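What follows is chain A paired twice: with chain B in the first complex and chain C in the second.
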Partner chain A sequence: MAEPAPPWAALVLPLALALVATALATADARSTGPGREVLRLLVQQRRITRAADVPLVRLATTLLPVAAVLAAAVLPLGFRPVSDLPDGIVWFNAMEALAWAAVWLAGWGPNSTLSLIGGYRFLAQGLAYELPHMLAITTAALGAQSLRVGAVADAQAGLWFAVWMPAAFGIYLLSALAMAFWGPFDQPVGRDTAGGAAAELSGVDRLVFLGGRRLLLVVAAAFSVPLFLGGGHGPLLPGWAWTLIKTAAVLGLLLWVRRRVPTVRTERYMELSWVVLTPLAVAQALVVAVVVLKK
Partner chain B sequence: MDLRARLTRAALARPAVLLATSPGATRERLAVEAELGRRGWPSAAGPASADLLVFAGVPLPLRDDDWAERVWTAVPAPKARVTVTDAEHAAHTLDHGHRTLLTPAAHPAERHETATAAAPDHGPHDSQGSHGGMDHAHHGRPPGTVAGLPLAERAEDRDGLRLDRLHVPLGPALPDWPAGLVLRLELQGDVVRRAEVDPMPTPAASRPAFWSEPWLKALAGEPGTSGEAARRRCAAHLDSLGRFLGVAGWSDAATRARRARDRTLGDAHGEELRPLVHPLVRRVRKSRTLRWLTAGVGELPGGPVAGDAHSRLIGWLDGIEYALDAIGDRTPLADHPLIGPRGRVDDTEAPASRTLLAALPALLAGAEFACARLVVASLDPDLDELAARRAPDGRTHG
Partner chain C sequence: MSTAAFWALAVLAVASGIMVFRFDSMARATFSLLTALLCVGGELIVLGLDYLGVVTVLMMTIEMAIMAVFMIMFMMNPAGLMPMTMLHNRRGAALICAGSFTSLVVGILLVPWPRRVGRAPADPTMDLGMSLMGPQMLTMMTLGMALFATIVATVVLATRRGRYDRYGDDLRAARPDDPVRGGVGR
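Entry: the complex of A and B
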């Protein structure tokens, strides 16, 4: 049974996430290191376009990292989350959906066509990934018969959910990329729209928005560990170490995918998502439900 | 050196560069891109994320629209801009821009300049962000204004819904975009309703268009081997490939294509190029995701570039491999039919890129923005070809 972490963990959590995100950015860096990039954006002037809705833009940029950190509150490091809510999976899903608002507002706020297109794209992408995504995390909850994240991890002391519900795991990884609009799902901030939803952000705004995106990616990847990869369970090493190792492995996989695959356009993914992935996720949930009932 | 200057120096050790190329300045663009690759300076997708604005070729205003000035005002301080007018001096000019960027004395003035510019006065065309605006002036009377900007009017979209119509000029300063191309788009959401091609006038050039240079020279009776022409063709297709992959969002492969292009132009032997080019070509050819994403986009029924975006891409890949094998060929080029990277090169017909431009409006109408960008990238018209040739004696023809 998971016991809640001490209160100071709430303060350490954002720092720990930022640390992992920085490590990821270092592994991903092609020319500029993350430290230098952060410095560059801090030195840069904040600028805003004409007739922009400034409060909306500020809200959008800050909402993204806040959503990521809040979603991470139910993430267990080893077996200890900051807060082990009885319906932690629902909480995670709700916080992650805040990103919809954040990206849409960031696209809408600057009163710029290209950033507006980025906003539209994320909404469409959300429609495409969210349904199979919710079915996938529901399947994990179903397998453990609990919405508590700690209980889901505990249910995998023997067999990982990724092994006996591979379709749900695969769909979850796809939607992790999509919710952080990163890698093959980076169309909302695509280069073809000169940066899309982030096209008009500069300086601190850009840093907070794109930093928030990285946090969201780390949180989404890390959440696959208690959901599908057995949480902190593993031989020899302590639970927190297993969590870190598994998270790093998932992030490494996502990094590899990003290098190998071009950007998936929403309208094509929508088709795949609704015609193939959603029925697949339903079938997976059905199989799991039957197995659980027979136990 | 005070702390502030030291911080700025560290922050801007590798400035993000926004490169805006004018028509006729392919040589300068290639020199700048190669130099940026060598230095590891990142390339910015738009003015908001740039520190250093580099113009390849002198940016001429388009009618009364000084787009270069608009892009410059949209770059946040600290910033610097330079114009590369000679490919040989690209490195030197970049150094100069970097020095200006790091000079602390330059910053207060720059800050002041952008502070005023970022407020109301963007000029008539920049009502919508930094890449050009919703230009309603000549499309009926707007129903109202916000902050001096007209509101969008509405019209039925493809599904019969009444949606805002945005008039957006696309180009000339976009990443992975044909130099000098401007499209006047009418957008509803991210769907293109109508597109007009409005190319920038290409200044008369004293040198032949870079990508068709070997064939133009052969046409003029100058000696040249097919090997040289094959090298140019290989690089031209790699350049198109890099841009297409950039637009398709495959930055890793796009970077490889650019690197291979620079090596090809840098006189590397065919044997040296093969390990760079073949794995890339194989990977792009075999990518099922890319096929899934680009098949059926921008389909043309006939003509020299018939097929969809994916088949044009495969055409480049074939061209690259074929040209790579012919790099060592010493036979005179004049013995072969004069077919350049984009089509037949001769005096009588219009240049091939004019046909490519003419195909654009019909292909773009009804396409989504991302598909529209793919269509443009898959045709990759070279506006340098449209330039009138200025003969050394001062006459123009072409």
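Entry: the complex of A and C
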């Protein structure tokens, strides 16, 4: 059912993602939006720390939004992704792993203690979320018996995966927050370390890095729609409208969680993740595998 | 087009592989190695093995991040801000490199390569999965367990604190005596 979008969609995709990210930032700040802050960062002079590894910092800050946009290439709007790769789910996972490396690099590069602590925290957080996260997206692929994102969405024309794989869906949402180090998982850029991995970034670098983080959050939230919420399937409205509505609902939920839940310490989440979430994700995958085999 | 992509990726892979040994910074060396391995993943995609290529990209990226975790755990200078070198045992390494390169080239030139039999399957990923989970299942399971046991053994040998440090000489302490918060069983 999925058909690739026209080539110009590849150019529109980053703009569309940036638009959604801006809307999210506006709703988040309950104000007129991030426009003023963006302008301030654009004209701000860049600070450079002593003995900083400047090429690595630049690489890290650019890698974050680039990885987010590349991951979004397999996101279907309605039923039309920019590219419906035969192994789109693995592609998505590979691109978000690049973001993991980018944040560590951003913490390491400026040669500053506080940003280094932030980078190390994100490595630990990555170890915590990545394993259950991979199991959760594998479970969705298992339910559809395909790694193609379009096929996973089509397998949910009747029943959504979120309904009969609730544990995998919950774990996915948690890891989406952790991946974008946002909300309760913002310790890598926490205030206790004066901004952590982003502490020494200023001017355009800071704008690109924090903007890339927003993009990553939007992409991670939007990817839960074809994976667990039936993609573009829905009554009356066309596919693209359902995709937008569901993505907005997921982002709203994540925003609500951010408002309600305080920052979780990395080692606490690590413990929860390895002792509770990973076995839970394995059990969920087992249940889904049995159901699929019985069909 | 694909020939050009193949050669571009190949040159970039070899160049960043060389740079791993030229950089004097741990982070630069790590990410140079990552670049080389990502290029190898790209080569696989160019050769039509989409799944293997994307999985290579995924695994190598995570592997480099995990390597950073091990650097933090075990290196003398966990920040990695001091200059370092990746070159050790220069003469031996040069001999081994020259030897393996020569034998590979000789092998490539002398082996009578078989002609292609049959056609590529419609879905190579499916065939790969059937092969790994079918005839090669035992090999893969053994390999996986051996690798996992190696990792656990390495960490156990390298860590300074064991269970007697955590739970006392008679292993009877109610809560472990750990230098940092966290860990199971609090």
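In this text, the second predicted complex is superposed on the first by the 292 of 295 C-alpha atoms of A that agree within 3 Å, B and C clash if a C-alpha of one lies under 4 Å from a C-alpha of the other, contacts with A are read in each partner's own complex, and residues count from 1 in each chain.
By our rule, contacts are C-beta pairs under 8 Å (C-beta built on N, C-alpha and C of every residue); 3 or more make two chains touch, one makes a residue touch a chain.
Keep in mind that what you see is a predicted model, and the values were worked out from it rather than measured.
If you count the residues of chain A touched by chain B and by chain C, you find the higher number for B.
When the shared chain is aligned, chain B comes close enough to touch A:259, but chain C does not. By the touch criterion defined above, A:120 reaches both chain B and chain C.
Contacts of A:28 after superposition: neither chain B nor chain C is touched.
Residue contacts after overlaying the shared chain place A:268 against chain B and chain C alike. Using the contact criterion defined above for the overlaid structures, shared-chain residue A:94 touches chain C, although it does not reach chain B.
Judged by the touch definition given at the top, the superposed model places A:53 against chain C, while chain B stays out of reach.
Chain A uses residues 51, 111, 120, 265, 267-268 to touch chain B in one structure and chain C in the other. On the chain C side of its complex with chain A, the touching residues are 25, 27-28, 31, 34, 50-51, 54-55, 57-58, 61-62, 64-66, 68-69, 72, 79-81, 123, 125, 180-184. Note for the complex: chain B touches chain A at residues 7-8, 10-16, 40-42, 45-46, 48-49, 51, 74, 76-78, 111, 114, 118-120, 122, 126-134, 146-149, 166, 168, 174-176, 187, 189-190, 245-253, 255, 287, 289-290, 292-293, 368-371, 373. Listed in rising order, the residues of chain A touching chain B in the complex are 30-32, 36, 39-40, 42-51, 110-115, 117, 120-121, 184, 186-187, 190-195, 198-203, 206, 258-265, 267-268. Interface of chain A with chain C (complex): residues 51, 53, 56, 59, 85-87, 90-91, 93-94, 97-98, 100-101, 104-105, 108-109, 111, 116, 120, 123-124, 126-127, 130, 147, 265, 267-268, 270-271, 275.
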